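Take a look at the structures below.
Here chain A shows up in two complexes: once beside chain B, once beside chain C.
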Partner chain A sequence: MDRFINEIKAELGNNGDFHLQRDYLADAAVMLLGFNTLIDFIKTRTVLHKHAESILLQNQPSEDLWGAIGELMEGDVLKAISSIYEGKLIIHFENTSRFIIMEPVPAMLDRSIDSPTNENVIQGALDSFTEGIDINIGIVRKLVNSDEIRIDSFSAGRSRKNKLSLLYIDGQADIELVNSIRNHIEKNIQMEAYNLQGLAKMLGFPSWNAISKFNTTELPHHAVQNLRKGKVILFVDRLPFALILPSLFWDMFAAENDRNFPLPIMLAIRLIRIIGILITLITPGLYVALVSVNPEVLQIQLALSVAQSREGVPYPALAEIIFMLLILELILEASVRLPKSIGPTITMVGGIILGQAAVEAKLVSNLLIIILAATTIANSTIVGFQNSVSIRLFKYAIVILGAIFGILGLVAGLVFLSAYLASLNTYGKSYLYLNVKGNENNGG
Partner chain B sequence: MNPYNLKSKAPITVCLLLTVMILTGCWDIRDINHRTLPVVLGISTIEDDQYKVFLKIPEPVEGSMEVKIVSATGETISHAVDVISRNMETSVDLLHVKVIMIERKTAEEGMKDIIAGFMRSREVSSKALVTICDQNMDEFFSKLSESKNLKGTNMFDYFEKNAGWNPEIALTRIWEVYRSIHSYTRDVAIPLIVTGDTTTYEQVGSAVIKNGKMVEQISNDETLLFNAFNDESTHGQIEVLNHASVMIIGNSMNHHTDLTDKQPVLQSRINLKVVVLETRGKTSSDMIKKELSHLLSSRFSSMLANLQESEADILGLGQLYRTKIDRNELKNWRSVYYPNLKSDIQFQIDIQNEGYLRTT
Partner chain C sequence: MHVMLMYVISHLGLIFFMYPGNVISSTEQGHWLPVLLGVVIHFIFINIYMKGLSYFPKKDIIRIYAGIGKGTAILFIAPVFLYFSMILLITLRAYAEIITIVFLSKTPLWAIMLLLISISTYIAAKGVETIFRTGLLLSLLFLPIIIFIFFTSFQNVDWRYVVPLDADLGFIIKRTYLESFFAFSGGFLFLGFVQPYFSYDRKYILWAAAFLIPFFLFSVYIPVLTFGQATSATTFLPYVVAVDAININWLMFDRVTMFFLLSLISFIMLYLALVSWKAIRILSHYLPSIKPVKLLLALAAAVYIACFFIPDWKDVEKLFWWNTFLRFYILIAIPFSLFFFGRCMKRKGIDESI
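Entry: the complex of A and B
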């Protein structure tokens, strides 16, 4: 046992998966070192031996073999240790301080490319991004297939283990935007960016924004189409989606897959989404406003039937709707947490039975249940989960304003919301930017 | 632009939000099921200048609408409503009053104050219809409450254009009555309603209102002409002649006005498009045209003569002379000019359709 091995053992010996194996390669006694959780040892050894055999058969000197299988180093124990941590295989020559850092056959830790789990696609490409950043970049490269694509990679974080990649198409992307993103990443390269909050901090976005600055997507097709339109994609290692920058208001309504339908159908689908967002925002507030503040707006027949449906309900409309909205949010949150097998049960119990029981117990009115159902369904028409969550939040502001000021408050709430959306920008690119010029080069 | 930093302004934001809550007084808001929404407001005067107010309130009862009629008296209408509100378990909210019914006696005495009160208080929508009850109001409402087919909103439906309205019914809103009180050149007609024998209501004609007082009564047929003059649709109207009945499907008119030496002259041409519905015996198109035009012009002139006598300009003929009469003189329109008005009304009949039979 020589000094080199001892030093590494002292450092890594308390790791249960640290693997040390003696082997012979071209008559040289070697030691193979690595983590067996990261390295498929059996396959790696097979590859190694095949390699050695072919070199020996051609009567080449063994030095050529060492050069061919990896990087030959001498003495640097620290480098060897960090390489082991990165999942490399160290081949150490016994009784020397020489070693080779080899790229082994990795253990299968990444999931294969799968169909998207959070975004459903009808009539469109069914692949999706996975956790591995290299796979994701590979997918994009395959789809773009152009010499104009630029990929900047960064290693962020204190120990520089967090891989980030910035993708854009030269000539299409706004170069100022690319530079701003690059400068921010380089300036804050020490920050950890394992999640979107960390990344937003790194890019200098305010952390109190209710709307995400990133338009996230799992769909390579969607991401690449945005790339072609001059947007920028960020990949973070271990996050299975592309982050498209800048995120625009119009992205709530337009999914790339829409273009697989005829134009009139596409326009109709997008119109539905616009109606959806309006229904989500307005109906709960409208209910409160009409029922408690401005019943004169209703037609008399409708007013009477609303009054009839609320007969015997003990709480004011605001308390009633907040109560039911809260229960709905709980159901939504619970169905995210729950295992897939019992999820539907809970949804049924929560949605139908609870709703019906609440009506029959005269806690809430029939009409409210209809309104809530419409709201929740309409909310789901918005493209992108991060967007629909934001809209879900805004609806409360409008409900409260509607309860205080009636229809006036409702309209004021919408105006405030529009003003807020208009105040958002990503490095100077307004959130409400809309490409009306017809060409799809920028924004849109 | 600096993004709004919520953290640094959080205390101020919270304070502002709290003041919003406090300043609005939103705890006074009553939910819709705690409000009583009357559809009809009836007003009559009793002794000592007191108002007796009736409210017709639709009440949802287990899947159907029942109607409740309540009444109270007071020095003012709002006081009487307040009395009702005090005695009811929910608060009375006049926002949805669609029809205001005034007893004939009260209308004849003058309803300037009533109308002005409604315009002032904004409690009742100024779009509410005004009608006159040609019957004792106690009797009217007690008959109504005994009636079997009294459903939630049927009084309102009676006047609804997309429900029971008919071109022989004048539609006059509160603001129009208010306008007529203050205008020199325009008066209004208000439907006269009684309870019917077989139907719930019956229109016996229209009241001519001048300066907020009922001065004259016109018949249902004359109300049709009034509506035609006011461009209210005449669709679906059946006009009975000696030999045929027709339906008016469209009308247009043009006027030629002249004013010489305080003598207004009006030449009107009214074009009617009609459809023949029924004929009796031998009838030709020419006959129908001639008879219809004769009938309408004589009906029109007799109505105008009546109106001139009572100096009430419900057709708004004064409007046509506004450019010709000096502003200072205009206030004399009703008393000086209008009774002198000479009119020459011609009806031009155009039979658009004779139906499936070509026998006329």
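Entry: the complex of A and C
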């Protein structure tokens, strides 16, 4: 045992999966070091030996072999240790301080490319991104297939390095945007970026934004289309989706897969989504406003039937709607939490509450159930889960304003929301632009 | 595009409330003449104003006047600031009153004013780009409603009320007619403030102004055509009453007025935001040490408190009337002075180059 091995052992010996194996390559006795959880040792050794054999058969000196299998280093123990942590194999020559860092056959820790789990696609490509950053970049490369794609890689974080990659198409992407993203990443390279909040902090976005600055997608086709339009993709290792920057308002309505339909159908689908967002925002507030503040707006028959449906309901419309919306949110949250096998129970129980029981117990009105159902359904038409969550939140602001000021409050809420959306921007790109190359003439 | 939209919506917000009443009560027949006169004057002044501004590319009017001299700055900028504060005060108070009258009779006035001022202050605090983008979103949302209701308001029209067409010029000196210039002079000044942020084509602004002509004309004529001059002169907000008379069977709502008014009020909020932004631009130019946001909050608070010193509608009208003199001063002095200084500059420039 020489000094080099001892130093590494002192550092890594208390890891149960640290593997040390003696082997002979060509004419040298070597030690193979690495984690057997990250490295497929059997396959790696087979590869190594085949390599050695083929070099020896051609009567080349063994120095050539070392050069061919990896990076030859001398003495740097710390480098060896950090390479082992990164999943590399260290081949150490006994009784020297020389070693080789080799890219081994990795243990299969990534799932294979699957169909998307959070975004459904009808009539379109069914592959999706996975957790491995290299696989994701590979998928994008396969789809773009152009010499103009640029990939910048960073590794961020203090204790554990996490890989980040920035992808854009040269000539399409706005170079200022790319530079500001790159500068922010380089400046904050010490920050941890395992999740979107951390990443947002790293990129200098305010953390109190109700709308996500990232447009996340699992679908490679969607991501690549955005890339072609001049947007920028960020990949974070271990996050199974692409982060498209900047996120724009129009992204709530337009999915790339729409273009697999005829143009009129596509326009109709997008119109439905626009109506969906309006219904989500307006109907709960309108209900409260009409019932509690401005019933005279309705035609008399309608006002009477609304009043009739609320007969016997013991509390004001605001309490009624907040109560039911809360239950609805609880159901939504619960169905995310529960395992798939118990999930249907929640659907059933929720269906009973939101269906007949609450109405028959005279706790809420019939009309409210219809409005809640419409709201929830409409909310789901929005493209991108992170967008629909934001809209879900804004709905409450409008409900409360509507309860105080009636329809005036509703309108004030919409004005406020418009102003909020209008004030958002990502490095100077307004949230309301229709595309990234927008100037003041084509966007909001 | 933005500037054009903003121009249209800030005027639409002003047209439909006070303007018809003022014009209708200013003359008994031939209402087209007062409207047309107003429109023509409006056109002349915005033309001169924009011409004047075009001598100073990429500069807003604060810097133009400040560049000319201290005296001019005081002579022109101070009244403009005063005028803006007055507009804020009057608009806020008047519209809160209108809202109470038309549909929120139980809600206290202070709550409505608080809502209006806080939203417009929020928008103003976010800056001019937000104001303009909000304008775009709001016009996408509400302009269709306004145009739809504008067309349905022809429902009860009796065209025989158009006659007699002949008109005399007696209305010019009437107080109500002079007050009606509120609708013309309120919005145009912002063209001088947006220069460094947005560029615009003069032609488009004129198109926008032309687009507004039918609204000016019919906001007056629809009440007249619906009720006749004698009746509509007695109503407080003639156009609103005329829209209230609309009955659309297939729509589930009885009072379409509500939606019309509210769409207009959303534009008014934006207009208030724009005016407070302009006022703050002036203030922060002279008080650069204080943060604009603080100035804005102070201004909003001052306006809000001042509103409580106006006990009822009569005082609003009195204030409105006092403001008329200031309004004409602004309407005439600012465009002409800009034009004049612009010409001087140009001539001087030519002399020097020779």
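Methods note: the second predicted complex is superposed on the first by the 427 of 444 C-alpha atoms of A that agree within 3 Å, B and C clash if a C-alpha of one lies under 4 Å from a C-alpha of the other, contacts with A are read in each partner's own complex, and residues count from 1 in each chain.
Following the convention adopted for this analysis, a contact is a pair of C-beta atoms (placed from the backbone, for glycine too) under 8 Å apart; a residue touches a chain by one contact, two chains touch by 3 or more.
This is a predicted model, so every value here is computed, not measured.
K.L.:
Have a look at where A:432 lands relative to chain B and chain C in the superposition and call it first, second, both or neither.
P.N.:
A:432: touches chain C, not chain B.
K.L.:
By the touch definition at the top of the document, which applies to A:33: first (chain B), second (chain C), both, or neither?
P.N.:
Neither: A:33 stays clear of chain B and chain C.
K.L.:
Is A:164 contacted by the first partner chain B, the second partner chain C, both or neither?
P.N.:
Neither partner.
K.L.:
Pick one for A:422: touches chain B only (first), chain C only (second), both, or neither.
P.N.:
A:422: touches chain C, not chain B.
K.L.:
Quick check on the superposed pair: does A:291 touch chain B, chain C, both, or neither? Answer first, second, both or neither.
P.N.:
first
K.L.:
With both complexes superposed on chain A, which partner does A:317 reach: first (chain B), second (chain C), both or neither?
P.N.:
A:317: touches chain B, not chain C.
K.L.:
Thinking of the overlay built on chain A, is A:211 touched by chain B (first), by chain C (second), by both, or by neither?
P.N.:
After superposition on chain A, A:211 lies in contact with neither partner.
K.L.:
First (chain B), second (chain C), both or neither: which does A:411 touch?
P.N.:
A:411 sits against chain C, while chain B stays out of touch.
K.L.:
Using the touch definition from the top, say if A:239 reaches chain B (first), chain C (second), both or neither.
P.N.:
Neither partner.
K.L.:
Using the superposition on A, tell me which residues of chain A are in contact with chain B and, in the other complex, with chain C.
P.N.:
293, 296, 298, 300, 303, 404-405, 423
K.L.:
Show me the residue ranges of chain C that touch chain A in the complex, using the header's touch definition.
P.N.:
For chain C paired with chain A, touching residues are 1-2, 99, 103-104, 107, 111-112, 115-116, 119, 122-123, 126-127, 129-131, 133-134, 136-138, 141, 198, 252-255, 258-259, 262-263, 265-266, 269-270, 273.
K.L.:
Spell out the part of chain B that touches chain A in their complex, as residue ranges.
P.N.:
Listed in rising order, the residues of chain B that touch chain A are 1, 3-7, 20-21, 24, 26, 29-33, 35, 37, 39, 58, 60, 65, 93, 95-96, 98, 125, 152-153, 156.
K.L.:
Write out the stretch or stretches of chain A touching chain C in their complex.
P.N.:
Counting only chain A, the residues touching chain C are 293-294, 296-300, 302-303, 401, 404-412, 414-416, 418-419, 421-423, 430, 432, 440-441, 443-444.
K.L.:
Going by the contact rule at the top, pick out the chain A residues touching chain B in the complex.
P.N.:
Touching chain B from chain A are residues 206, 208-209, 290-293, 295-296, 298, 300-301, 303-308, 310-313, 316-317, 403-405, 423, 425.
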